[in-house]
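Chain nomenclature is as follows: A, B, C, D and E, assigned in order of appearance, with residue numbering initiated at 1 for each chain independently.
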């Protein structure tokens, strides 16, 4: 049974520090600069939360396999770590609605293969990132042989070397990658699937903080902060962000 | 029942000892008086080493009694440490402590076990090293000494505890004839000073030279015994005669 | 220049051998005729083992000549395998192959080196094992045999190659008197059958019993030699006399 | 009287002295002993070797260290960096520049690896030594328990143990009202010290049982108590024997600290992955970066290995 | 069978203990494949690492200076760098330098795949230790026994094959045993280059299902079982090679 504990907002304010779990290997959403600092879209969002609470922010780097544990344990107070909002995850942590971002799944593949539909991947080696949820779907439904590595650097290397025919990943990251001249012979040919929202998560039972975060997110959408950040970090504005901005601006201001 | 010097120093009565199924000693009885030198000879595997180790309680026995200065060795209540202060043992393989110099090897037991005074112990140790004619080797490590020299350090190490009885187990095996001679001289000097010695040996010449009394064991029993002269030249038992006839 | 039986079987002329700086053999000369049994005695480190190993080309020499059946051993063009088929060697530590049974030890060289027929080899091996009086031990591993038994297996193993000369290096050290006797009997039988034998030993009694001729070496030279009777009772050289006097 | 002592006595003496145990007396079985004339005889086979300790998670091999193997590695690094540089398209930062840019951060991570290794080694050694002494205790229950613990942690993969500590330990705990945080890297230290503990335990047990039993018997017959024998006779001799395998274990542990990357500790491998991501997944960077990391580990572990061999040689002569 | 699987689904619903790889057919298949992959990878690496050990020890006794140096360099490199980084280095660096071959799906891929590279680098890694072990074993065979063989006229190779190696093998079995156990434990690293062995599969499953503790416990027991089997069979082998009356106990 969950032990009754002090409200997290009080704890954070008393402590003076908000501990946020963010990615450190997911450019441009969360990554390191040469000084070792974690920067990117999500750290900026986290910073705003801390500012609003009037405390300092501390970034804890997380990876897919440990981010929910950290939150459960209380090692982090808040998680903004490119996590897709899925029902089974909602059993473990509280995911704040509205969602703050969204991304679909697509592949990066050499143009020469001319992939047209997901089924074209059947029986072929497809690179992925270890722990990504769409690996299972790509393997199970489309019959691809998933070859998953730890980080994107390894995957890009393997893809270029020809060790796999495609890289299945978040479309937003792939779009960014395709802008580099290094990838001019590659394309993102398939229809994006699983356009699934990303969720910011708080610990189970933190009602007040959950409400607080929901307000924050609504504010970001209404003010167009997300779109701004995308531009700042070199990402084309995503349809989700645009739609949310339109919706919430109307809701808040009636325009 | 206090022990008096006219009683046997070491006394064995009907000693039986088995290793699992194998009965190695099958009723050994003999007495050793103070100042006597006794040699035990016999074919390999006849239980000589086992016998000598029982006297020191390194092995326990199943039946019979062994007393040293009237004290029962096989008594479970016996303080083994007390016994071992009275009985010194020298092993065939020397078993010196390789991380200590010759002098330290000799000093160690009196210092640690008897907690005697450092100065006194060192004095006595140097005296003992002179006694076994190893002057100048005090600071050598065992690895730097020849076999005969190591053997003599081992003897000095046992003597440092001022034992009443010394046990020697094939101390001259693996030594060449000249080194055997050196060790022999050392043991003979001990005997002359009145030390009680029990020796196991394969060297008949050695036994003849040094012993007051010789016991011949075979398959766990004493087959024959006697003073060296009668034993070597006038053995009665056919097994003993056969054994002796083999000696070249 | 073919070798004839009236020439020496083994002949050493002014043999010099050094290990680096250390000159171990300083001009050794002697001949051994077919069927002769020769013993080499002397203090430890005097170069006996080295000498015998040179005859088998296990060590090379720096100067002088060694011939076996008229063939120069120290010739770099010599086929060592051919030489070793003619010369058998038995080591002090037996050096049996512990992972093979007694019979397999004896059969190994003929099978692998001479590639003889399995059946024939086995027959001869069993015959040899009988010859060294080890019937019934064919399937025992060396670890299950006593020292004397192991030593006899080692002798049989060498004999299996039908050598013309047998070299024995301190084969009785570390054996007890009875076992020494057994090995002695075996060697004596070999000698009676006309085998040429060269033995290194520490056991004077053994040398006296078995040898036709005895050489005493000290510090790399032959100090004295002669037939056993004259050698033991009438040695001229003071060093020899002193060495013999140490024997108990 | 014994005028010829040194000359003649030497050969036989030093032979026996040099390897007092080289010929282990093998005892014949009961059947052999019963018959007259049959007996165990010394078997001149197989020296008691000091094994290059079994594996990469314990023990010290004694290889001959010659040449400058490190130079080869540096060469590999330079070549790979050079090749990557040659391939690089104009207008992009050169590989060297990128590596230089990130070196301070990576070095911080590497120092972190070393810190983890030192702490895990300290904890593992202290607990492992106690466990090892438990394994040679006279109390059968204690011996059994110590043995089981040792075997369990020796046979479980390091990575799995690491994960276990990450999951089972809380992120903070309180003693008497004071809350002590337990950051990830501390958990990694605990996770790594478990296998270290098991291996140290084995090193202790192995060293003690590698001493000839004659040492115990000699001390016993001089009336030493068991405690005195252990602390004054046995352990002093063992320390020298244990040092090389212990140092080897340390080198292995240092190399194992990269496993912490898998559980998300910000050590050098994790940082390398993050750096590569920050550089936008440039494929030509992978090889130079990993060669660079290899070089660092080599530079740290190789001197330890050399030193281990030197100690091993030194003590091999003494004992 | 189905009822058995369903029980685990029920277990999850009731207690939260989520052993998907029992009741979920897809996960089950993956897990079985991963288990078999671990075994296969271990066996192949065991084989090659022992071969490398034997050959390396033989080469180290070579009279040629450069052969010995090469072997030594090899040993030093593999002993003093982390195996995880080695794997990366081999797979991404050396692997991409190899010539490319056409694949059956129409592309071109480097000659050797991830499994092959896992085998190569893990075998060389464990092999570096095995060389040491074999050399010590060979040195343990006394020169006198080797001399006895040459006095009987055996050539160098015959002596190595019939005397030295069989004897050395018996001495080193405990050490070798230990090394091979470690090799099996180290195959977990192959996950880093996407060889679908047990840890890789477990990692996928716990990412998909958020059941890390269950998977970790399962992994622990699976490895202890595998290692147990290896230790057991090596011990049996050791016993069968035991020479009567020889050895310490």
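The definition used in the following text is that a residue touches a chain if its C-beta (ideal position, glycine included) is under 8 Å from a C-beta of that chain, and two chains touch if they have at least 3 such contacts.
Since the model is a prediction, treat every value here as computed from it, not as a measurement.
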What is the shortest path, in steps, from chain A to chain E when you may only step between chains that touch? 1
From the centre of chain C, which chain's CA centre is farthest? A
Please compute the C-alpha centroid of chain C, do the same for chain D, then give the distance between them in whole Å. 48
Using the average of all C-alpha atoms in each chain as its centre, how far is it in Å between chain B and chain E? 54
Mind checking the centre-to-centre distance between chain A and chain C? Centres are C-alpha means, answer in whole Å. 85
When centres are defined as mean Cα positions, the distance from chain B to chain D in whole Å is 43
So which stretches of chain E touch two or more other chains? 88, 92, 96, 142, 144-145, 167, 170, 212, 244-246
Among the residues of chain A, which ones contact at least 2 other chains? 65, 69, 150, 154, 157, 161
Name the residues of chain B that each touch 2 or more other chains. 43-44, 174, 176, 178, 181
For chain D, which residues count as touching chain B in their complex? 1-2, 4-5, 8-18, 20-21, 28, 30, 33-34, 36-40, 212, 214-215, 217-225, 228, 232-233, 236-237, 240, 317-319
Report the residues of chain D in contact with chain A in the complex, numbered from low to high. 89, 101-102, 104-105, 108, 166-167, 170-172, 184, 262-264, 266, 270-271, 273-283, 285-286
Within their complex, state which residues of chain B touch chain D. 19-22, 24, 43-45, 56, 58, 80-82, 84-85, 87-89, 91, 93-99, 108-109, 112-113, 141-143, 145-150, 154, 157-158, 161, 174-176, 178-179, 181-182, 185, 218-219
Of chain A, residues touching chain D in the complex: 24-27, 31-36, 61-63, 65-66, 69-70, 73-75, 150-157, 160-161, 177, 180-182
Within the complex, chain C is touched by chain E residues 142, 144-145, 147-155, 158, 162-163, 166-167, 170, 241, 243-246
